[in-house]
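Letters are used for the chains, namely A, B and C, taken in the order the chains are written, and counting of residues starts over at 1 for each.
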Amino acid sequence: MLSQTHHSLEIYTDGEGFVDVTEYIAGWLKDIDAVDGLITIFIAHTSASLTIQENADPDVRHDLNGALRRIAPESSVYRHSLEGPDDMPAHIKSMLTSVSLSIPVREGRMKLGRWQGIYVIEHRTASHLRNLELHFLGTRQISAL
Amino acid sequence: MLSQTHHSLEIYTDGEGFVDVTEYIAGWLKDIDAVDGLITIFIAHTSASLTIQENADPDVRHDLNGALRRIAPESSVYRHSLEGPDDMPAHIKSMLTSVSLSIPVREGRMKLGRWQGIYVIEHRTASHLRNLELHFLGTRQISAL
Amino acid sequence: MLSQTHHSLEIYTDGEGFVDVTEYIAGWLKDIDAVDGLITIFIAHTSASLTIQENADPDVRHDLNGALRRIAPESSVYRHSLEGPDDMPAHIKSMLTSVSLSIPVREGRMKLGRWQGIYVIEHRTASHLRNLELHFLGTRQISAL
């Protein structure tokens, strides 16, 4: 029988960079005894975003961050500057990455590839508390219903 | 009880720029008496796209547009030029932003962050009528069934 | 009655470029007698990704590829270089395009626009076998249940 479950998750980011949230999300699927279905992850912000990227070599995240900086540099061309020089680049980087991700779930596990991790990308210089909304739709173990 | 509902929405764009469609989508959820679930928004075009961005300062959209122009400028390097100099940049901008968005819904409302608005981004210079496909899956008020 | 179905699909890519997978996915929906619902496509990789783009003029894909190369060029600035000069650009291109897509389905057909095709973008120079995970949620013809 299909059912759905929602969950809100708060993630603390330590300023600009990538925060691996894969285990938080996998843990929630285990908590709710998810079996088969679809999980959707949504980030309720416009200066932090989501991506699925390589989880093996930390240099990959370093270089991804460098690429985002080159694509959306701090600049005096922006009209929107009252929230600081890092705010407008943060909005651009958010627009170019993901606000929602949907991942199939089989036998309780997300069907991620071997090297895929789920990351919150903080685009602001300062630390922030970021809200993720999770939605699972699918089947759950009988004992859980 | 879970059920699903589809809806097609036509949005008129006034040439290059951002059109806020948040209220149209929130209004549809109200019309169908949605309670808890997931809404998916899909745009059936390759030279207009979707994004969720800050809805407070209009300068943000101005600067986002400027950023897209710098990332995908009009140029003589493109082979695809028959549909005008703004067409190939429009395809690139569409590829770099979103064609589908999925947003959790609780108690009839999308779980958007305080400053998040849903936008159609028109990438062509001319006005267009753009098609959005909406899909809601979840629970609805009994009176609506 | 709502039900869900999963499917894994392997796609062979012939090195850098776009592979049209629209017919594979449409064919699967036909195989499972899908009627109304939502299909989600997920790619289990971080150096290949998904996009929905114009399927008419092949020059569009050529120019999209050129744009991705300009946005994420091979470069000596990357720390991550052990897997070859094309690997880090491939991760950047993946981050800027899509890892998952959700498309409404009506009367057995995806609600794609007239010119929309679904593509796997291979970002590596060499050929690869790429895994797609498909998830359909919705109604199916009675005979299929």
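Here is the rule we go by: a residue touches a chain if its C-beta (ideal position, glycine included) is under 8 Å from a C-beta of that chain, and two chains touch if they have at least 3 such contacts.
Remember, it's a predicted structure, so these values are computed and weren't measured experimentally.
A rotation of 120 degrees, rounded to the nearest 5, superposes the Cα atoms of chain A on chain C.
Shared residue numbers account for under half of those found at the interface formed by chain A and chain B, and the copies are therefore classed as meeting with different residues. Chain A and chain B have CA centres that are 20 Å apart. Of all residues in chain A, those that touch two or more other chains are 2, 71, 96, 98, 102, 137. Across the complex, chain A is touched by residues 2, 36-38, 51-54, 57, 59-60, 62-64, 66-67, 71, 96-98, 101-104, 106, 111-113, 115-116, 137-138 of chain B. Residue ranges on chain A touching chain B, taken from their complex, read 2-4, 6, 8, 40, 42, 44-47, 71-72, 77-80, 82, 88, 91-92, 94-96, 98-100, 102, 131, 133-135, 137.
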